[in-house]
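This report refers to the structure that appears directly beneath it.
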Amino acid sequence: MPTKRSRRTILLEELTSAEFARLVKRRPLAILPFGAVEEHGSHLPLCTDAFQAEEVARRVATELGAILCPAIRYGECRSTRNFPGTITLTSETVRSLTFEIVSELGRNGIDKILIITGHAGSGHMAALRLGAFRAVEKMPRLKVMVLSDFDIAYDLRGKEFPVEDGHGGEIETSRMLHVRPDLVGKFRPRGTSRPPEYMVLPDPEKYIPTGIYGDTSYASAAKGGRIDDYVVKRLCELARKNFKMGR
Amino acid sequence: MPTKRSRRTILLEELTSAEFARLVKRRPLAILPFGAVEEHGSHLPLCTDAFQAEEVARRVATELGAILCPAIRYGECRSTRNFPGTITLTSETVRSLTFEIVSELGRNGIDKILIITGHAGSGHMAALRLGAFRAVEKMPRLKVMVLSDFDIAYDLRGKEFPVEDGHGGEIETSRMLHVRPDLVGKFRPRGTSRPPEYMVLPDPEKYIPTGIYGDTSYASAAKGGRIDDYVVKRLCELARKNFKMGR
Amino acid sequence: MPTKRSRRTILLEELTSAEFARLVKRRPLAILPFGAVEEHGSHLPLCTDAFQAEEVARRVATELGAILCPAIRYGECRSTRNFPGTITLTSETVRSLTFEIVSELGRNGIDKILIITGHAGSGHMAALRLGAFRAVEKMPRLKVMVLSDFDIAYDLRGKEFPVEDGHGGEIETSRMLHVRPDLVGKFRPRGTSRPPEYMVLPDPEKYIPTGIYGDTSYASAAKGGRIDDYVVKRLCELARKNFKMGR
Amino acid sequence: MPTKRSRRTILLEELTSAEFARLVKRRPLAILPFGAVEEHGSHLPLCTDAFQAEEVARRVATELGAILCPAIRYGECRSTRNFPGTITLTSETVRSLTFEIVSELGRNGIDKILIITGHAGSGHMAALRLGAFRAVEKMPRLKVMVLSDFDIAYDLRGKEFPVEDGHGGEIETSRMLHVRPDLVGKFRPRGTSRPPEYMVLPDPEKYIPTGIYGDTSYASAAKGGRIDDYVVKRLCELARKNFKMGR
Amino acid sequence: MPTKRSRRTILLEELTSAEFARLVKRRPLAILPFGAVEEHGSHLPLCTDAFQAEEVARRVATELGAILCPAIRYGECRSTRNFPGTITLTSETVRSLTFEIVSELGRNGIDKILIITGHAGSGHMAALRLGAFRAVEKMPRLKVMVLSDFDIAYDLRGKEFPVEDGHGGEIETSRMLHVRPDLVGKFRPRGTSRPPEYMVLPDPEKYIPTGIYGDTSYASAAKGGRIDDYVVKRLCELARKNFKMGR
Amino acid sequence: MPTKRSRRTILLEELTSAEFARLVKRRPLAILPFGAVEEHGSHLPLCTDAFQAEEVARRVATELGAILCPAIRYGECRSTRNFPGTITLTSETVRSLTFEIVSELGRNGIDKILIITGHAGSGHMAALRLGAFRAVEKMPRLKVMVLSDFDIAYDLRGKEFPVEDGHGGEIETSRMLHVRPDLVGKFRPRGTSRPPEYMVLPDPEKYIPTGIYGDTSYASAAKGGRIDDYVVKRLCELARKNFKMGR
């Protein structure tokens, strides 16, 4: 089970305007989580990406004394868009959302922003980075870090987990068993095929009949807990180093 | 205190792709809540709008057997934008978000959508309606209803509540005392001034020094409960009538 | 009959570049009227909104010594768009027009601008305000006031006129009988129904078969004259107060 | 003096929705005039372009039984933009206006549209044509003709008028003496210089100190009358031929 | 045959970053050639415009010691778009390309830019000028010259060449016989018709069955050589004068 | 030295409209190369990416009987943008260019398109894919493959070449020694540092003082030849498989 919510997590949603103004003077980090509403196989819910990213973001925020911003649970989902339940935004809207929220945080005096996205599609990531880049171009004192928790979790492929693991696979299923076990189906699917390399297709779903990549039968909450611990630890290290924050 | 979360609330975030596909066949209503990150006086938190709209949306969804979509907690906030902590989106981004989510729900077979926004600024509302309109233009079988819970709550002005009540005032404070009493400050401010009528200003905050409109000293959780009951009841009636849903 | 055109009305269209440059030094108000080409029942012409707004704008300009800019007789008309003869612009174009004309007046040294629109649809009004807001954001010394003459004329509902009056109704018909009696049809329709509340519809016209709201049988030129006198007086008061202009 | 307004001119602004619907069945031409608010030397008013185009458009509409649409008196003015009083739109807004009005006329059943612009700057003309083109691409049954009355009036350069004549010159001044003699200054300037060929400049006005091109001392109302007669005759011929309209 | 490539032509593509930085200090002219992929009759290849503009641009660059930028071989082609092989960009993309490349050259310290386009369609030219204008507006120290080599070559119509010559005609065929004789077909077509004047059409190709305008039977490489010599000489004169460059 | 240009390479630029129309009937592949104008260390020219991609594209086109389209030698370059000589486009322009050229090829009957980009920045790649995706969405019969020759060349890292190799490094220098040895500087730099991971920075160049990543002292033309042979072979295999083309 995930760590219980700490008293110390600073949630932007709960601060008054004056409390926010006082906090900003300490030059805190702000963390903005992104998710997606996207097919994740027969065993995982549509907001799988959000559940993982928000859990990790919360733990990192607590650890680093950062302000946790309300999550955006919608993203750009191209390869799964034709599966039922995928609600995709355009790249342009993801970019605008990112640009505007980052710019607004900057206008409010925040100068360190960490964007953690549970969805790691390349178009979605590019839109987040482009939005952040435009804000940084306009306000060069801003430092923004953009990554997916899967950029880190997938370090473990070829180590504790198979190389052939991806969307809705063993790593993702394990993490969900750790964070929201109530939402993981009993039947654990397996997906071995992927759309043809480098192709831009109108129907990528035809090449991924189970809607996932990997073998979920080996997934476990314990593994998920270890992955999340690793992701949180590594994210804290990266943030401390990149934002030059003390321990 | 608000009604405890019912088992029966159908959350889009928790459904698998296949569960969603099965549900859509019953032609359910989908509800999309919007909030804002916006100054709300010295006694209320930045996401006051989101807390109220999400509570009401959850109750209406439970009552009507609707699918509750993940909330968007950001909106367009023009008159409070210069107070610390207001994170405003542009009208264009609010419009695009609405257009894309409504279109995507429509593409997925949903044909009844209710957008409930806790933030009721006229530019924000216009952006929600324009986004919904563009989706309806493209898919004329879609029926979309767009309103703020305050469009209904403010029916009570001139009745149980004073006419001179608005942003962060007695109604809003009472509702927050009902939904999130832990987040309401002890000191209850009073605001009597407003920006000059019809003016488009770079600095509207100068005309609203307390950042609110109304007298919050009379606010109470009991009043908030009655308001929310009224809002939920009225929303259910309107939705049943407009979407021609049976009891 | 409307007041005859005064010699003193300063029309932008008639000024030379040098005359304009001299005038600007006195820091005058500029007035920009907006209309629409829009169905107005069987008895009123398509540019009903423009005729009223331009008449009022002319009288206010004369009274205040303001520069009257050429009117834009096109607007965004969503609820009447499917009636023959409605020529609607998009919100984006109304916004861009407003932004650019206001910015250009600002670039030319004007710092007080009054936009009077005869069409008062909420999307159209929001587009005017957004365009004006973007200009004010860029040039914070600009003061812009945006309203419809109907924002004022409708003060009289529940007083001299029934509450149930609106588009093409008694007030509007009376004003047209005053301003352009030659264009008002003999047969006076009545409209009692409106589109369902809060709905965003592809076919709002189905709910308003007469294309109007109100009972026009009581309309008269005398009432129209009194309304316009009230609107002009109130507009002058508001402009003097908001722009801090002397008597 | 210009011909007095004929009873027979069909003005879109004066039609009711039902009258418009009846008229459209006869498949009439619609005429849309464009002007500009633009410096025109020390002797001509800012809306010189609009006065000429609207006069010509009115006469052509009367002659051809066409529906005359409300004029747009704003355009894109690049070379004169830094003179006092020039209010320029962007090319994008001129294009959108044209696209939307042409599309809306098309949606309303009109299939022949003539756009006459008094302002003939190359960027402005390109924007009108691009807007019209986008509408024609979408509705290929539309036939649209886009030109400036100066495309025709300048046929007379090198004949009755000097080759070295242009913006605010002898032809334009003569036409204004014919249409609005009350607005033409007594002092008649002369302009002999032009911005360097093919250059895109931030300050084109530096190269045209009088703000005009040509010698206006020879201008006369009689010449203006002849020019306008020629322009109207030629426009009617072109429209009859291009739209295959009978006499 | 065209002049052999001179050793002295400075190609941006071949410079290192450091070489470019050194060169910029001398404040050189940069030349950006544009072409198009567009039908050019049965005897000329799709990139006819590019071959001519690039040849001329190379010679002018060599003569003036200018930096020659990589050509863009795509443009906006409206009248030929329905012939096989025409690959047209939108005006907006041509404008953005021009704006961005000109702005980037400006950001890199270049302050004199000459854009030579082989394609001379009015929409394409307007897009190039608008893009350049936006860059100049942003960086007023930039001087940009935008023209087509045909703006100059067509000086020769009514002199050595017939007035009735245009797209793919005698002048263009002669120039191609000079520059790329291997690509000119043996059969020389003749085109005498043009789309109706001033019309914006969905099918302009119907009015130009041979896809060209002019009589190509008199074309020759010798004429082409003379035309190109004239164009290069005139371009160098204009550039020297407009950019105030010494001999 | 690279293979000499084969007679059999079909260049779009050299085809007449009619030849193109005939060719399309055989349903050929079209290849569109992209480059960039971008700093590449002290030893390589600004269009290094273009030289490599165009060479590879030409060889693949020849091998597969594909139509080779004119290259676009500009791209989106974010990390090197502040080095002298980098001319970057926005992501939006790269996307529009790709969308429009792919759509236009599709409109012309082409249904198989291969985009090979020499520049492989993640924002640039995302823009190419997004542009291609939008075209495929509109014309689902289109099959588009988007990749960089470096997606393949970097397969050799950790094999014949070090893992620590990248922009302007040993692989790229070797390939340039093979394709354009005349443009490779004698001094071979070495770059060991990279911008901090995951950061979106206004000044990434500060972290890469030599402007490259890798040790170029081991680069050789022979290695470059082997890399290009591998890239060409692999690209042909991928294209044959993905487009289901026979040998």
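To keep things simple, chains are lettered A, B, C, D, E and F as they appear, and every chain counts its residues starting from 1.
Assume contacts are C-beta pairs under 8 Å (C-beta built on N, C-alpha and C of every residue); 3 or more make two chains touch, one makes a residue touch a chain.
It should be emphasised that the depicted structure is a prediction, and the values quoted were computed from it without experimental measurement.
Least step count on the touch graph, subunit B to subunit E: 3. Shared contact partners of subunit B and subunit F, listed by label: A. Taking A-F and A-B together, the chain pair joined by more C-beta contacts is A-B.
Centroid distances from subunit E, each centroid being the mean of CA atoms, peak for B. Spacing of subunit C relative to subunit F, judged by their CA centroids, is 56 angstrom. Inter-chain spacing, taken between the CA centroids of subunit B and subunit C, is 31 Å. One finds 49 Å separating the Cα centroids of subunit D and subunit F. Counting partners per residue, subunit F has no residue that reaches two or more other chains. Because contacts link each chain to exactly two others and close back on themselves, their graph is best described as a ring. Interface residues of subunit E facing subunit F in the complex, by the touch rule stated above, are 12-18, 20-21, 24, 35, 37, 39-47, 50-51, 69-74, 83-90, 92-93, 96-97, 100-101, 104-105, 108-109, 183, 185, 211. Interface of subunit F with subunit A (complex): residues 78, 91, 122-123, 125-127, 129-130, 132-133, 136-137, 140, 142-147, 151, 196-203, 238, 241-242.
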